[in-house]
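Presented sequentially are two complexes of chain A, the first with chain B as partner and the second with chain C.
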Partner chain A sequence: MKTLLKTEKLGKIYGTNVVLHDIDVEINQGEIIGLIGENGAGKSTLMKIIAGVEKSSMGRMTLRGETYSASTILEANRNGIGMVFQEQSLVSNLSVSQNIFLGREKKFRKYGIVNWGKMNVVAKEALENAGVSNVEPNKKVETLPFALREMVEIAKVLNIVDENSKRGSIILLDEATTVLSEEEIQILFGQMRRMAKLGNAVVFISHRLDEIMEICDKIYVFKDGGQTAVIKKEDANLDLLYSKMVGDNNSSEYYVTSRQTVAEEEILLSVKDVSRFGEFNNVSFDVKKGEVLSICGVEGSGKESLCSVLCGDLGHTSGTIDVSGKKVNLSSPYAALKKGILVVPKDRRDEGIVGLLSIKENIVISSLDRLSVGGIYISVKKCNQISENWINKLKIKCTGIEERINKLSGGNAQKVVFARAIESEVPIVILNHPTRGVDVGAKVEIYSLIRDITEKGCAVIVLGDTLDESIGLASRIIVMKDGLVTGGFDCQADKKPTQIDVIKMMM
Partner chain B sequence: MKKLSEFKLGNLKKINTESISKYMCLISVTLVVLIFFVINPKFLSLYSIQNMLLEMAPLLLLAGGITFVLFTGGIDLSAGAVASCTCVLTGLYIDNIGGWIVPLMIVLGVVIGLINGFLITAFKLPSFIVTLCATSIWKCIALISSGGGSKIIPLDKRYLVNWASAPLLGIPVMLWMTLAIIGLLYFIQRNTTVSKSILAVGANARAARMAGTNTVKAQITAMTICSVCSALAGVLYAFKMKSSVPNIGDPLGLMAIAAVALGGTSLAGGKGSVLNTIAGVATIIAVTSGMNIINVHALWKDIVIGVILIIAVFINSDKTGKDVIIK
Partner chain C sequence: MKKNEIEYMKNHSVGAQFKYKIASDVKKEKIRIYAPLILLVCITIVASVTIDNFFSPKNIVNLFYQMSIPLVLATGVTFVLLIGSIDLSLEGVMGFSGALVALLVANTMNSVHLGWLGIVLTVILGTGAGVITGYLHVKLRIASFIISYAMGSIITGIGVLTYKGTPANVTWSVFDAIASESVFGVPLLTWISLSIFGLGCLILNYTAFGKAVYAIGNNEAAARSTGINVNKTKIMVFALCAFTASCAGILACVRLKIGQVSIGVNQLFPVITSVVLGGASLAGGKGGMLQTFIGVLMFTELNNILIIVGVDPNYRQLIQGIIIIVAVTLTITRSRKTITQ
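Coming up: the complex of A and B.
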């Protein structure tokens, strides 16, 4: 069995954040390899480095014995490495065959005219090669159901890689099964096995551990950008995989658990049977005064869209939401703010900070009506004072309140967004990945801030950046899976559930 | 050593472009005035200055209003057409209605702004398209109601309009009025909640929405401010020309946008100031009047304005690519 690709101490740094480090992976001919880990553990980043989407910042890779690095997908393709992406990358208004040969039409071209008929014939072969027989190559991709699109994409990558390398190719599948039905998954697995038998290698990411254990010969476990274990198929069992995924760090001090508040009786937010068609169904829960509710779940579990519904960014299709006992209509984030709900968004650069504006303007923007006289006049002096206070209180590193917020580091910018949320004095704060891209020092400060606001009687809903964080901050947890609430835990400060307990319900 | 020198060069460059866009309005207006003065000293004669100040008034109003729309990252192409329309209506009906025409035109401006704002926010249409269509509508109304040609305000009614062009302390009354309105606009920009929302929407519409700002109100308010200013500008043109001119606004929209851009307000939204617009307008007026004085044919004016706009936008645009503007 020949080694195809080997990585040594491979790593990736974004700014000051190490998202991947010390990765030693060996991909051999004929192997199907599984990568597992929580969201953000670094699996996708590794795949992207191998596929030429991202450049590594540390370490090296060898491909068939020679040093390898690819700076574009095409370069990786030429080396016999192809990737099927998590988000679909087909052009929906082109036909299936046009998509399969997108950018490679040359061989069907004569005098500048493409022979579509010939392309369709070859595309048909390519599809059959990948075990897809029920797709007409001249159909437009937008007319196909999602599962078939995924199969077309796989056929495309197979074809590209086959064309470029007869010496053993590597196919990377990033969560390729999430939109497929059980039957289609089995077809895909059949194809994966066939490809492996032909001397290729397949790397497979999935959140479904049963799938991973079924198909993979070797499983790499990732946590926080590092590689925690390599497990052979025969040694793998669920408990082992769970424990390697979550590690064994105890971090109650880190999350300021000593200041965790006990929820009061008063219910601030009550969600009853709320659904959003196609995303989540019949979700119900209450959040009490002084409580931190963590919503756990993998990507695609519906927790992100639930969060968008609660902050007024998306509408829901059924169910009711009550704030302080009154039914509310959260038609926009503005309406939600009026009712007392504000979100600290997940994507800080695009949704959190208003980049061109100053720190001051970013802090007061959610409190304009409250700080104004009659909703119209707002005193510049008052705004300045408030902003000065926050900068001193949160020790925000900046040149002054007039500095543009996009000049700040991630942690400082996030503190400004928190200052905005607290200044708005809403009773219900939703924190969507509150510490994403924030350095450790700022993280601890943000955790104390969360304790501050619950002590003041706010209710907080957290979608944690890691499972550890979700449990550490929470006074109660609900777990979502495939759009449904699958369970919950009470998290008293001295009696927290383990990560394994929670992750078992998530996957 | 090489590294150090490179670093210094980089730093120098940065300071240069930043300060240029900051003080560009002042630099450009001084430069333009100086050039024309050197070519023909008559450029700064009392008569010429008086004339320029009179010219400035309506354009300043127009540009002041457009500044707010540009703050939101939108654009109002219909400002000139609205001015044409109110200019015609003022000229036609001032002898019947008298001074009451002015508040009527303000109401018309409010209505136009509300319609524009409603179409943009309710149907999520780009302001570019909405105001482009509005342009053709208001232009057409101006032409229809005027019968296609200019009409002079009868001599016996001139007393209704003459006062506006008369100087008060050396400055035409209509410029005083305009400056007062600019002062009001500056107050709105600095001290009202809605202007904070307007700037936030322009800087990052998505983040502004998530932070709970009333983005609908922000956009509608900006469009309304702009249309009211345009409507008033049209009234001033009628007062100044002492007649109704149905095509007066045709070149004005572009001139006003160029003036705002020269003032350092970003066409991409989110930053700028109404006060800077004054210098921008002064520059544009100095250029057009200056060309007149050095005997360049009036028809060349638009070419120059077009080139100025492109240069102004270029200097203001973000060339580092570092702070990508997200809409």
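Coming up: the complex of A and C.
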């Protein structure tokens, strides 16, 4: 068995944030390799580096014995490496065959005119080669069901890679099974085995551990950007995988658990039987005053869209949402804010801050109605005072309240967003990945801020960046999987569930 | 709709619901594609029944004659909208080309007479303006509507300077001939316009470039990753749009036999509206030549009807605006994506 690709001490740094480090992976001919880990553990980043989407910042790779790096997907393709992306990269308004040969029409061209008939014939072969027989190459991709689109994408990547390399290709599949049915997954697995048998290698990311154990010869486990274990198929069992995924850290100090408040009786938010068609079904929970509710689940479990429904970004299909005992209609984020729900969004740069405005303006922007006199006049002095207070209190590093917020570091910008949330005095705060892209020091400050908020009698809903964080912050947890609530935990400060308990319900 | 969903939700998994949702989106999309055609057919039937002579050969020929210049312009605009950009320099390029060509063939202003070469030269210069627009858009990363507006202004200015106030009258007999000749009872101008449109069809549907245009409008990142030269394709799209605008300018000059930049005035927005009426999306990726044809025909037909019915010209604009809102409401898809480039 020949080694195709080997990485040594491979790593990736964004700014000051180490997202991947010390990765030693070996991909051999004929192997199917599984990568597992929580969201953000670094699996996708590793794949992207191999596939030429991102550049590594540390370490080196060797491909078939020679030093390798790719700065574009095309370059990786030329080296016989192809990636099937999690978010589909097909062009939906073109036909299947046009997609397969997009950018490679040369061999079907005569006097500039492309012979689509001929292309369709070759595309049909390429599809059959990938085991896809029920797709007409002249159909537009947008008319195909999702599963078939996925198969087309695999056929495309396979064709590109095959064309470039007869020496054993590497196919990277990022969460390829998420949208497939059981039957389709089995077809895909058949294809993966076939590809491996032909002397290629397949690398496979999935959140479904049973799949991983079924198909993979070797499993690499990731945690916090590092590689915690390499497990052979015969040694793999669920408990081992779980324990390697969560590692061993006990960090109650870090999450300021000593200041975790005990929930009061008063229910602030009550979600009853809420469903959003095709995303999540029959979710019910109450959030009490002073409580921190963590919603756990992998990407695609429905927690993200649940969060969007609660903050008024998306509508729901059925069920009711009550705020302080009154039924509310959250038709927009503005309506949600009026009813007392404020969200700190995940994508800070795009959604959380108004980059062109100053720190001051960003702090008061959600409170303008309250700060204004008669709905018109807003006292500059008052705004200045409030902003100064927050900067001092949260130790926001800046040159002054007039500084533009996009000049701040991630952690400081996030503190401004928190200041806005607290200043707006809403009773229910939803924190969507509150510490994403924030360095460790600022994280602790943000955790204690969350404690401040609950001490003031607010209810907080958290979608944590890591499972550790979700448990550490929570006074209660609900777990979602495939759009349904699969369980819940009470998390008194001294009696937290372990990560393994929670992860078992997630995956 | 929502009732169906609630019913379906009762005994299907979330995954199955998701697939159902995608399938129904696909179905909706299929219906949407035919909406402009259905609307066109309805308008035509209503007009044919209620208005005498509307569906007569004479009026149909007249209709195609009226739409000849908009159709040429719309051919280029389709490409620009498909990549999700917009080209506001079209009126300028059209006016400039009309003014220039009048000076390069036999005319009342100067003694230059390059004949057919004058036409070729005009088209080359007009297309060149598009290349510059596209190049600046791509290289300086300036939004297309700003850069094309600026280029339109510049090129209009150059057009005015070529004749310094008094436009030239064309005296070349070929222009007369083209304007008055008919083949099979259809004016030559209409044939020329249809040929340029046909060329557009060929490029969009049968070349790799055409598919690259679709790919960029739908998923630019994916297009880039497959090795399509996105910048070059965009520049070519602006060149193509300027080419059609230039042709339209020459055709307008043929029709009026006078070369002044004002022939381009008030062409831009009717044409963009027509293309959108046909089902193109301002966000890119949606539309096509056939759709554009339907859109232009519909727009021209509506105007034609207003004129035949004898609507007071003072009201025509107002009614036209209302009709556009109604027609667009019935035909376009709504998405959160808006003009971004």
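Everything below uses one rule, namely that the second predicted complex is superposed on the first by the 507 of 507 C-alpha atoms of A that agree within 3 Å, B and C clash if a C-alpha of one lies under 4 Å from a C-alpha of the other, contacts with A are read in each partner's own complex, and residues count from 1 in each chain.
The rule is simple: contacts are C-beta pairs under 8 Å (C-beta built on N, C-alpha and C of every residue); 3 or more make two chains touch, one makes a residue touch a chain.
Since this is a predicted model, take the numbers as computed values, not measurements.
Of the two partner chains, chain C is the only one touched by A:F277; chain B is not. In the superposition on chain A, contact of A:R104 is made with chain C only, not with chain B. Judged by the touch definition given at the top, the superposed model places A:V230 against neither chain B nor chain C.
With both structures placed on the common chain, the touch criterion links A:V18 to neither chain B nor chain C. Within the superposed three-chain model, A:I376 lies in touch with chain B and out of touch with chain C [touch as defined at top]. When both complexes are overlaid on chain A, the residue A:L357 reaches chain B alone and has no touch with chain C. Of the two partner chains placed around the shared chain by superposition, chain C is the only one that A:T143 touches, whereas chain B remains out of contact. On chain A, the surface touched by chain B in one complex and the surface touched by chain C in the other have no residue in common. If you check the complex, the residues on chain A that touch chain B are 311, 313, 332-334, 336-338, 342-343, 345, 349-357, 361, 364-366, 368-369, 371-372, 375-380, 404, 406, 420, 424. Contact residues of chain B toward chain A in the complex are 190-194, 196-197, 199-200, 202-204, 206-216, 266, 269-271, 323, 325-326. Of all residues in chain C, those touching chain A in their complex are 2, 5-6, 8-9, 13-15, 17-23, 26, 29-30, 202, 206-208, 211-212, 214-215, 217-219, 221-223, 225-228, 285-286. Across the complex, chain C is touched by residues 72-74, 89-94, 98, 102-106, 109, 112-114, 116, 142-143, 145-147, 179, 181, 275, 277-281, 302, 317-318, 482-484 of chain A.
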